[in-house]
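When the chains are written out, they are named A, B, C and D in that same order, and each has its own residue count from 1.
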Amino acid sequence: MDKVKVGIIGLGRLGRRYAENLQFKVQHAELVAACSLNSDELDYAKNVLQVPHVYASHEDMLSRTDLDAVYIISSTDKHAEHFIAALDAGVHVFCEKPLALNVEACERVEAHSMQRPDQFAVVGFVRRFDPSYAHAKKKVDEGAIGTPFFVKSQTVDMDEQAPFQLDFVKSSGGMFHDFNVHDIDLVRWFTGSNIETVYSIGGAYRHKAFAELNDADNVLTTCALENGGMASIHASRTAFHGHDTFTEVVGTEGSLRIGRPAALNRVEISDQYGVRQECVRTFYERFEEGFLLQTQDFVDCIVEGRKPELTLRDATEATRTATAMTRSFREKNTVMCR
Amino acid sequence: MDKVKVGIIGLGRLGRRYAENLQFKVQHAELVAACSLNSDELDYAKNVLQVPHVYASHEDMLSRTDLDAVYIISSTDKHAEHFIAALDAGVHVFCEKPLALNVEACERVEAHSMQRPDQFAVVGFVRRFDPSYAHAKKKVDEGAIGTPFFVKSQTVDMDEQAPFQLDFVKSSGGMFHDFNVHDIDLVRWFTGSNIETVYSIGGAYRHKAFAELNDADNVLTTCALENGGMASIHASRTAFHGHDTFTEVVGTEGSLRIGRPAALNRVEISDQYGVRQECVRTFYERFEEGFLLQTQDFVDCIVEGRKPELTLRDATEATRTATAMTRSFREKNTVMCR
Amino acid sequence: MDKVKVGIIGLGRLGRRYAENLQFKVQHAELVAACSLNSDELDYAKNVLQVPHVYASHEDMLSRTDLDAVYIISSTDKHAEHFIAALDAGVHVFCEKPLALNVEACERVEAHSMQRPDQFAVVGFVRRFDPSYAHAKKKVDEGAIGTPFFVKSQTVDMDEQAPFQLDFVKSSGGMFHDFNVHDIDLVRWFTGSNIETVYSIGGAYRHKAFAELNDADNVLTTCALENGGMASIHASRTAFHGHDTFTEVVGTEGSLRIGRPAALNRVEISDQYGVRQECVRTFYERFEEGFLLQTQDFVDCIVEGRKPELTLRDATEATRTATAMTRSFREKNTVMCR
Amino acid sequence: MDKVKVGIIGLGRLGRRYAENLQFKVQHAELVAACSLNSDELDYAKNVLQVPHVYASHEDMLSRTDLDAVYIISSTDKHAEHFIAALDAGVHVFCEKPLALNVEACERVEAHSMQRPDQFAVVGFVRRFDPSYAHAKKKVDEGAIGTPFFVKSQTVDMDEQAPFQLDFVKSSGGMFHDFNVHDIDLVRWFTGSNIETVYSIGGAYRHKAFAELNDADNVLTTCALENGGMASIHASRTAFHGHDTFTEVVGTEGSLRIGRPAALNRVEISDQYGVRQECVRTFYERFEEGFLLQTQDFVDCIVEGRKPELTLRDATEATRTATAMTRSFREKNTVMCR
């Protein structure tokens, strides 16, 4: 195989980043087609990204016969539909997280994918490809901290993002689906266990408007794992220092922390404010390298015929837990995940 | 008043530290009497600490008429009894935490104390006197992080202490009463709110013997606060790097962390293990300065006629929450604290 | 211009990295020719890097008429000769540092280059392209630390590299030319001043063999700058924790530090060795991103017709100072740089 | 011996701290006499410190026959005179650093002291008693970093202190004698070697007034040690983040750093300025514990008949090197220390 021919559905804020990576930075890939409902985005794809073929409808794009793979970076409520259509088009499929906001839709895609075992089908949990998270996983697998039994993980976003997020709550499914789905995946990845029971609380401590949408600006969950382990998961929309994704993995012989502080780089300043580090301001700034490595890995899997580590089951389980957390938050009691 | 004349009940591991502070390091205090059931401890008090009067029974010691204050550092199950006896003897009373393992006993002492409003009566939550925690509280009170609404706090002890702790579980009341009672107090101190509901989980991940005693070696609690805030509390008996007490306070305009890393001092080593700091190994090593400042403060309150900030109500609330956490852990469901 | 056509001279350890970047990661560039004296390296270029034309002699490669630019990553003692030949071939030239081990050779290349003002000619000081160093420079230029007057900089390599370095001393010119040339450039970059006087000392504290070569395994220099400022420069071949490049810039209103600790990534481990971070092990691991950005920048300069910031004068000045430091070290006294 | 009876000469800013420690915090000591030329200071000693006997002249105080030890915290230019007078009075003598601003005066005191071998005579290098420095020394002595061959050390004071320091330059002897004398002692302590040659530079980068006094606000020295090792010593009067005493010890198998960052305590703040730690603001705040431990140690030496580790020779060597550094700075060339 010479180069993997890729089409992309969705060229929004994040879609554009995927497209740039595919076209310019990922080896053995070329972005041959892109579709979007927004004509400015298509112009951008054509003129800046030099994508030869652009489409206003995903059906049209999927009718091409030269595609090897499709990237779905559309809005969350369209993921399942686009995923199934892409599978039907006979291509490998990568979909941005979360796969869907309810377990049924996830399972529908899973079932569809099982009938096409030769097409890779994964949902992106980018943190697994971040060099720091990947290094931590390697250390854990090597036994550096004994048996991991407790994971603390948080997704903390900057307060300046909150107004934008407000518009986004309905389609994103709220904090548990949008933010914590990553933390849930990390808990499963590091412990090898699903989550059994959750108890979620939270509030709109700074931005009351989230409460009116049945959402919050800060949430906290305690998770009892199926294997007897435990997890504490936090999300926030109200940080002032930076985008602060942080995870701690505690094992029987040591512990690991990933991401503290959320430093922008290796520079430290000493001035009237003390000794300090500036922080990354967005999840993309934090995980830029992970996004590239994730995309390279999927392309490499196709080139090498190697099965991706992530499966649709990972996506279903993340949605299952996020759904239980959302219910627990609203019902103010513990909820069993299955 | 020249010097505050103090008697102490209990000269065990921690009692001895209090006695040394009172006799040698606290200004305006002198330790004139000590009682213990252990004759070696009395010898130590007489010969090393130069305490003039030692007793095998606390009743005998409390019958002295020259005492201004009594320190109760006996085993937890005797605290309430000793506290009431000391109040009846007409002295100011300081008692090591926790006041008791059940709310009723705490309230009995509270009621007794309210009838003697001129005698100070407090339980020691030493972290409030640690310079770092005190500085953090001052910053929070000055508004440095806006309104605090979320506290994460942990008491993490070294694995090498676990065998000793095993013998201690019955009288200490288990991890929630023995370890987390401090974290509960910090949550109340930083947020100004009591805890409404708790959900506690945990396990004996490394030392199965704790499970046989209905206890654990690691526990995790999510707390919903009465004022709508939230807290996550962790305790562990299985750390290898050090005694790692850590607290984070998140507010609407910033956050504070106290105690990370649990560094022994200001030395950093670079060698084949990377760049690293050694850590404190015991709670006493971590809070040595706090213990001294706490004792000095109580003596100063007596000298100056200034009411201590800590009250018996703080002790009752801590026990109330720890009791609810213990029940939640055993019943595997949320528990309302009152 | 469609793509910048590049030829490379030298495919050793570092040359190979440059070649990979040019062929696979740098936008708007293609590696069309490579030369090496080593046939294995040429096979690698042909088969793995898919370089269409490979040569055993640089003269043959430079006789191609389609080249836009040439990268010189040959051994230091050949740099000047290759540089002049490439200029004569009419192409833009990038040369790995140091340009030469003596000022005369540097000035000869400079003079030659001045006669070809339309061909870009630069020497690579990769740290200027490292995101942390670049961010620090931006902060300094914005006035974040007032006027910078003191730079401390070190290049500290791992002990495990020392045996390899031993073979390399003769052609590399020793620690001042090979290691500190970077630190010298940083001093000039951050302060805007040349170095006036140096006093260098050092020793073969761990590897006596360096002393026999008139070199050292650790050296230290105090620099008086022409503008009255000062610098302290250290180099080491004997670290056990990692490759530890570190620079501090002190200004009249604050200071900045770049690179402490030399952390491998964002992972922190807590175990029996304390709380620790693993470190990068080689200069390439530390500056991998800088090497890519540096190469991209040179290609972008060619595409955009934008003059590179680095000049041959920077290279000459670095060699001038490194030469003075070497003399000072040997003569055991201060040396004026000009 | 019951309690060591101490007299103190000098009750200025630092003398008062010594007096408080001796009277209230050091075990086995009592401050029975104090002398000062300032009657307010004597009132303070009498009324607040409850020193029973106060004097306007040191001769009068030294004529008391009950003194066991005398502390000399007078101005530097009086140290030698007071030291000799105290030795003649037959007591143990502790003197604040530096002993004198010239080697001759130091040697005169040394010679006088050698005739009174039963009287302890030391100069205070407080950093040796700081728990972090003491721990680092213990690690070095245990071989944790192999053989130490390179020390970097700095004394960096806050800019807000500079105006006060300006008045103080004449009696203090300038930055090398006043600030770096500590760093010199650390170099000797960690390496076991005297300093052979120094090259010092510097400038009045922010406060021109220091230049008019032949002093500077920032200085830098490279030291060649007699044993072949090396040291880099920096001092500054212009920091904005805090009092930043920092030392690095590099050995053949690892390295240690003491004091980075100069954190006030264990609190870290995350807010619009990033992730940051506030710093200590004065040398006393940084070394408060060291001052207490140093005083306790001298008293313990007297009680136990144990010879202090510090000797007058340490003081002489520090002054010898500081004198050479001052000369090098003024003559702009290397200077041999002896």
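Some observations on this one:
By our rule, a contact is a pair of C-beta atoms (placed from the backbone, for glycine too) under 8 Å apart; a residue touches a chain by one contact, two chains touch by 3 or more.
Quantities reported herein were computed from a predicted structural model and do not represent experimental measurements.
Chain centres here are C-alpha means, and the one lying farthest from chain A is D. Note on interfaces A-D and A-B: more C-beta pairs are in contact across A-B. One finds 57 Å separating the Cα centroids of chain A and chain D. Centroids of chain A and chain B (each the mean of its C-alpha atoms) stand 42 Å apart.
Shown for chain A are the residues in touch with two or more other chains, namely 239-241, 253-255, 260, 263, 269-272.
Within the complex, the chain C residues that touch chain D are 146-147, 149-150, 152, 197, 199, 201-203, 205-206, 218, 220-222, 224, 228-230, 232, 234, 236, 238-241, 250, 252-255, 260, 332-334.
Put simply, chain B touches chain D in their complex at residues 24-25, 27, 131-132, 135-136, 139, 144-145, 253-260, 263-272. The part of chain C that touches chain B in the complex is made up of residues 239-242, 244, 261-263, 269-279.
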